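Input: one structure, supplied below.
In order of appearance the chains are A, B, C, D and E, and numbering begins at 1 in each one.
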Amino acid sequence: MARQLVGLASCTLGEVKNRADLLIYWGANPMESHMRHLSRYSAMSKGMYTPEGRKGRKVVVIDVRPTPTSKNADIFLQVTPGQDFEIATVLRALVNGVALHGLTDNSLIGGVPLAKWQELAELMKQSSYGVVMFGIGLTQSRGKDLNIEQLSTLVSELNKFTRFYGIAMRGHGNVNGSNQVMTWQTGYPLAVNFNRGYPWYNPGEFSVVDMLHRKEVDAALIIATDPGAHLPYDIVRYLQSIPTIAIEPHKNLTTPWANVVIPVAPAGVGAEGTFYRMDNVPLHVKKIIDFPYPSDVEVLRSIKERVSNVKNRQRAGL
Amino acid sequence: MCKQITLILKTEPSLPVEAENITPDNLSSMDATEINNLLLWYGNEQRKLSEFFTVEISEVEEVDEFEEGTPLCHTRIIIKGDLIRFKRLGEGMSSGELLIEGSVGFHTGALMKGGTLIVRGNAGDWLGAQMEGGKIIVQGSAGHFIGSGYRGNPQGMRGGMILINGDAGQMVGSRMRRGVIAINGNCGDAPGYRMLAGTLLIGGVPGIRVGANMKRGTIILLKPGELLLPTFYYNCTYRCPVWGLLYRELKDQGFNLQCSNKDIYFKRYSGDGNEGGKGEILTCHSH
Amino acid sequence: MALQVHKDVVCTFCGCLCDDLEVQVEDNTITKVGHVCTIGRNKLMHAQSDLASLRVNGKEAALEEAIDKAAEILVQAKAPLIYGLSSTTSEAIREAVVLTELVQGTIDNPSSY
Amino acid sequence: MRLNGVEIEDTFAEAFGMRAARLTITGINDNWAYNGAAAVTGFATSVIGCGVEAGIEGYSSNTPDGRPGMNCLFFAPSKDELESNLLKRIGQAVMTCPTTACFDGDLPEFKGNDSALSKVNIGGKLRFFGDGYQASKVIGAKRYWRIPVMEGEFLIQEEFTLAKAVGGGNFLILAENVESALQACEAAVVKMKELKGIILPFPGGVVRSGSKVGSKYKFLTASTNTAYCPTIKGRVEDTMLSENTNCVLEIVIDGLTDELVSKAMGIGIRAAVEVPGVLRITAGNYGGRLGKYHFHLHKILGGN
Amino acid sequence: MLKIVNGQVYDPLNGDRGEVRDVYIEGGKVVDTLSTKIAEVIDATGCVVMPGGVEIHSHIAGAKVNSARSMCPEDHYDHFKKVTAITRSGSGFTIPTTFLTGYLYAQLGYTTAFEAAVPVLEARHAHEELQDTPLLDTGIYTLMGNNYLIMKVLSEKDDSARKNRLRDLVTWLLTSSKGYAVKVVNPGGVESWKWGKGSVDLDTPVPPFGVTPRGILLGLAEAIKDLRLPHGLHLHANHLGEPGNFKTTLETMYALEGYPIHFTHLQFHSYGMTKRWGLSSAASEIAEYLNTRPEFTYDVGQLVFGPATTMTSDSPMQFRLHQMTGNKWISADIEMETGSGIVPLAYKQSNLVNAIQWCIGLELLLLTKNPWQVSLTTDHPNAGPFTAYPHIIRLLMDYDFRNEMLEQLPPKVAQFTNLKDIKREYSLEEITIITRSGPAKDLGLKHKGHLGINADADVAIYRLLEDKEKMFARPAYVLKNGKVVVKDGEITQSLSGKSFLVDPDGSKVLPPDLIEEFAKYYTIALANYAVQDEYIIHPEVIACD
């Protein structure tokens, strides 16, 4: 969403592997959340112009606590929570040579002395291909998309000096794909409302947490996600009070109470199709084994046909 | 003669109602039947206004309080009831008066071009978003993104005035380009975020990141909260000549500022340095 | 059924989509996974256990019945929400968007929070 | 006709269309508002030598910024001349004056007569003094410019309103001696100044060196009003002065409207004739060929 | 079975210049007689009957188009389409959603469109979107101008080995991406950007192999000629948008004489330079030269005043634009292959530079003598949306109208362009050529762009009106594959089109050394690289002959 105001300079993971000489993990802990990220794509990978792998790269971690990822970093900046925006703001100023009012080398920004940030800013400018990978630590701290917006601006501005990019460390397998499909079909990546028969977009108004919190939904169809596990308790309680359908391969925290549970073959195991990697590279996932259930595509198509029949009957006045 | 249309809410609907059709411009030439039959969006259905409201129409004789003797000729809509589930009331209105005797939902007065919108209760998010002119007065508090721009739009409010007697949510006046927003109470984080120009006055205590990434424009803080971002630079403590103008303008509009006009010193900060530093934050130093 | 080894399998469990997995299948059962992280291995090895069962209002039901019921719920709703889509194919997401358009509801995924 | 025994000549004052502007100058207190107003209206007796005619109307009861302020009126023959003179005067006399701000004053005299009004951009031109650090601010529907200065900020409105107005209303007081003439003038000026919308641009509101059109010297377009100069009464063939007239003084009035000028003349003349030693009241004109406005004394005073 | 009667047929390929003749359609093709007498009849009295429009260069599907959509919701809020019983909903003005894109093209009488720039790595995405783009036959151009493997092969010293290997690699890249033609964008320049280096000239060695843009162009042009691909090299030359770039454009043309080359959005490459580094028109220099080189074709990239969304694989150019305008910016380096950038923009009549750009496009169109060398495009959505075609057609056909528009521009444009002096007006036949017959021929689509026997039954029928903008904005009928899909400007049915592919006579597998490089430097497995067949629903392979 942040990119809707400032955009984002980015690259595919192969460019990280082949070219990046400076890697910054910000609020991201791939050692635990994206376990092969470091070896396949980033810090430890060996690429075309990075034959030495980890040795040839500088690795910086910015996080609120030590993590397995930070243990392997050249520089670990342990910051106080909720200060990402301030840090990115100061980095922008340092990178662009904008004076900072009333700060000395020892002044703390996000719990870290300014001198350290000055060092990082220099490191960024002197790198020849820098990449910052940001995770939920950044996107879910105070300020949310403002943090990413400020970081994206910093990344843009660094391109005056060198190549510098940002990559969002997307969690779920194809959450990026759902943004992509919604965008090409509706024009908007998420939070799309069709009440009037055309797409209308407004996160905060039509995003799931907000809508359920305000009880603005009277039925829910949940596909390949477990709100029972991910969403706040009051929202799950409300979901339980309205008709809810779950299309889901496995038992989870939603299936016990959903009004309709339709099991499906899991994508990439029992069903084929397209997934979008965190860097927008699309991949075809295979069907490896047979499941006793249809794919979710088939189930959704059947529901669509039923609904469409009813709607057409309604239109025909029957 | 002034046409006065009173809408009285029957019962609170359980889902949101999108009511951008209720503007003085729209209703001015309608009779009672037409108003009753006006369609509002209720979820994915359109329903008649009469399902939600009873309608009364009357003619009132009135004169302009500022220009004595000049008869007023406009449409006034009065809506009574708790309208929290009603969105987009007065959206795009360009004339007349819309008086809401209760609280309202999202997008109230968004894209407004003229006229006056008064909310006696609280207002939801996106109040006056991308408004171009006119005046919005909220006697209670209002939500996030007041006078802001919708996602992706580089500009928020482009003119007019928003006066909030109570508190405001986050990002009030984000990307505003012109106009005045005044909040008597406290406000959430990042007021004046990416502000392009215009004036934002906050009477109470603001959240953090005041004026972050502002290019130009003025933010006045009568009760400065936490430290400003380090990309704001202190200049001086002085009497700001503009203050008197603004104070008077707000007073003329019936806005009760919790401070006096006289003998106010302001600390003047320039910023955001990352965006060229042409904006200013004035923080009240003494009364 | 004979033992099959699928190479260059795409792991669908996080945004990395590592596509070099080796998955060994015996009698339609995944028995071994290579070139994979612990999360991926766990997920794949357990892909066939703990399957959800088809239910309508808590009772076992046939697929057709469940689909009818789902359609009925969506048609009757005035503000239906279609949500999730973080771990399925774009082909399924395409169908979900059409369905949302058809029932004039709202569609969202977990990246909104 | 006669008023209080003083002869009112059956003649008229000839006046011209001019452009006028009202400025409100505010300051931190009365003193600094006055200092700014006094400086900006200084040396502005006649358009002939000063480019503009100006005067202080008085304290303003309702200034835009709520501070003490004074209203000043400016008159010039054309829009361009008024604009260029305002630019110079505000720049040199208000911007320089500590704590002052400069606003476009209200012109209630022209309510419902918008066609008589026009706008000039003053603040928008003075702003360049700010050397790039100037900033604008829109409040209400008006734009202001804020120019950083050593004391703080100089605030000036961007646009000022110009009105079609009247300049050159006048009357002459012919008296037995200088004491009577002055006393009559002073009485008239005090009364006239109570009226808003007019100024008496000359020193103390009074001019002694009235002029006529033309001169024996080719390079001069105007020269002393020989017909009314007592010291050469004997040498001038067309003298207008009687035997016992030994002093003549003139009061010139610029006003926003002709009604105001005429009202001011009436008030002034009535006050002047109360003073003993005043012999006659007359007015200056050019035969009615040059000016658009003719203020007939008898008509003003309610005679025929 | 269907016949179109009484229409004035414009079919330049078959010599029809408005002659009234009937057109018979059966089985989705134009036929000479119908097998039965029972046929649907379309009365085209007072109408012109033309082949369906063919879009030769447009950005309508794939990763960067979608990134732009996602970055610019403000492009969509005020432009939307409601769902109907026949059509899907959609939104967007300069970057409409896929379904809306199909509808909007069809509603102008266009039935074929090519997506102009797709990296192989992201081709799957483009094909997914094209599946959701109805009413159009489509194809994609595959990006090769900054491809690592291409440059590696080009660095090979041995002449004949190099040629053979390149020929095979081009084949492999085309078939892997299910592409139709070879696209080159700022050859070498994007790779140079990734190295943090400046822009490149024709002979600047590009890291890591020191191959020059000239080398890349000549190598690819030769491979294309050799493989007899239906469409020549589709070239976005170096220095797009820079004042004085016409010199580079001409040098590039000299270098490629004798090869079939399509110069794309040539307007952006026909800039002279004033003494103060400003922009002036060099359209006449370019057009004069083109008039002597029949093997070269181009599309114009005509600028349209109003909002636009610039998007190109030319990432350095987009960064410059971002710096210049301060507008938001998306950039994406694509491993091993290319880059891309997106910046939203608004072209203004009052802006002298934009006004000059506008004139240059029209000058090019008017100074090129042979309309078969020209295709009408706006490089959608870079120079403006394709929905402006009717307006541009009127500018070409109506000298007075053109002058009226010209007079609204800053008077200074007269110093930098010669548009005012060009009196030429396009005829309907010429319009037919630059919007359908020409691009079809340029693309090597023998069954498109005409209404002869066996042509695809894609037909656009327009009511003959004085105002050509109105005329072309709302066709009376549009037929796709023999079926009426638009009537009176409204969609009457939706159907999915074909995808054009090629099957060149080169190796379909990579040689071992390149397999090794692939395994080392790509982040996906070779086995997962090529676009699977299921992404193409209705394939049609165009022969390489």
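Going forward, a residue touches a chain if its C-beta (ideal position, glycine included) is under 8 Å from a C-beta of that chain, and two chains touch if they have at least 3 such contacts.
Every value quoted in this text rests on a predicted model; they were computed, and no experiment measured them.
S.K.: When subunit B is left out of the picture, which chains can still reach each other by chains of touches?
M.R.: A, C, E | D
S.K.: Can you list every chain that touches subunit B and also touches subunit C?
M.R.: Output, common partners of subunit B and subunit C: A, E.
S.K.: Shared touching chains for subunit C and subunit E?
M.R.: Chains in contact with subunit C as well as subunit E: A, B.
S.K.: Where's the contact count highest, between which chains?
M.R.: Chain pair with the maximum contact count: A-C.
S.K.: Taking each chain's centre as the mean of its CA atoms, which one is farthest from the centre of subunit D?
M.R.: C
S.K.: Whole-Å distance, subunit A centre to subunit C centre, using C-alpha means?
M.R.: Chain centres of subunit A and subunit C, defined by C-alpha means, are spaced 19 Å apart.
S.K.: When the C-alpha atoms of subunit A and subunit B are each averaged to a single point, how far apart are the two points in Å?
M.R.: Here subunit A and subunit B have centroids separated by 34 Å.
S.K.: I'd like the Å distance between the centres of subunit C and subunit D, where a centre is the mean of that chain's Cα atoms.
M.R.: That gives a centre separation of 88 Å.
S.K.: By the touch rule stated above, which residues of subunit D touch at least two different other chains?
M.R.: If we look for residues of subunit D contacting two or more partner chains, we find none.
S.K.: Where in subunit C do residues touch two or more other chains at once?
M.R.: 10, 19, 77-79, 90, 94, 98, 101-105
S.K.: So which stretches of subunit B touch two or more other chains?
M.R.: Each of 15-16, 43-44, 150-152, 154 in subunit B touches at least two other chains.
S.K.: Touching pairs of chains, which are they?
M.R.: Between chains, contact exists in these pairs: A-B, A-C, A-E, B-C, B-D, B-E, C-E.
S.K.: State the interface residues of subunit E toward subunit A in the complex, per the touch definition above.
M.R.: Against subunit A, subunit E makes touches at 61, 63, 65-67, 69-73, 75-77, 80-83, 85, 88-92, 95-99, 121-122, 124-125, 128-129, 132, 148, 193-196, 208, 319, 322-323, 328-336, 342-343, 520-524, 528, 532.
S.K.: Where on subunit B does subunit D make contact in their complex?
M.R.: Subunit B residues touching subunit D: 178-180, 198-199, 216, 218, 236, 238-249, 261, 278, 280.
S.K.: Could you pull out which subunit B residues touch subunit A in their complex?
M.R.: Those in contact with subunit A are residues 14-16, 18, 41, 43-44, 106, 125-126, 144-145, 150-152, 154, 189-190, 193-194, 208-209, 212-213, 229-234, 272-274, 277.
S.K.: Of all residues in subunit D, which touch subunit B in the complex?
M.R.: For this pair, the touching residues of subunit D are 26, 28, 64-67, 101, 135, 137-140, 144, 146, 152-155.
S.K.: Residues of subunit C touching subunit E in their complex?
M.R.: 7-8, 10, 19-20, 90, 94, 98, 101-102
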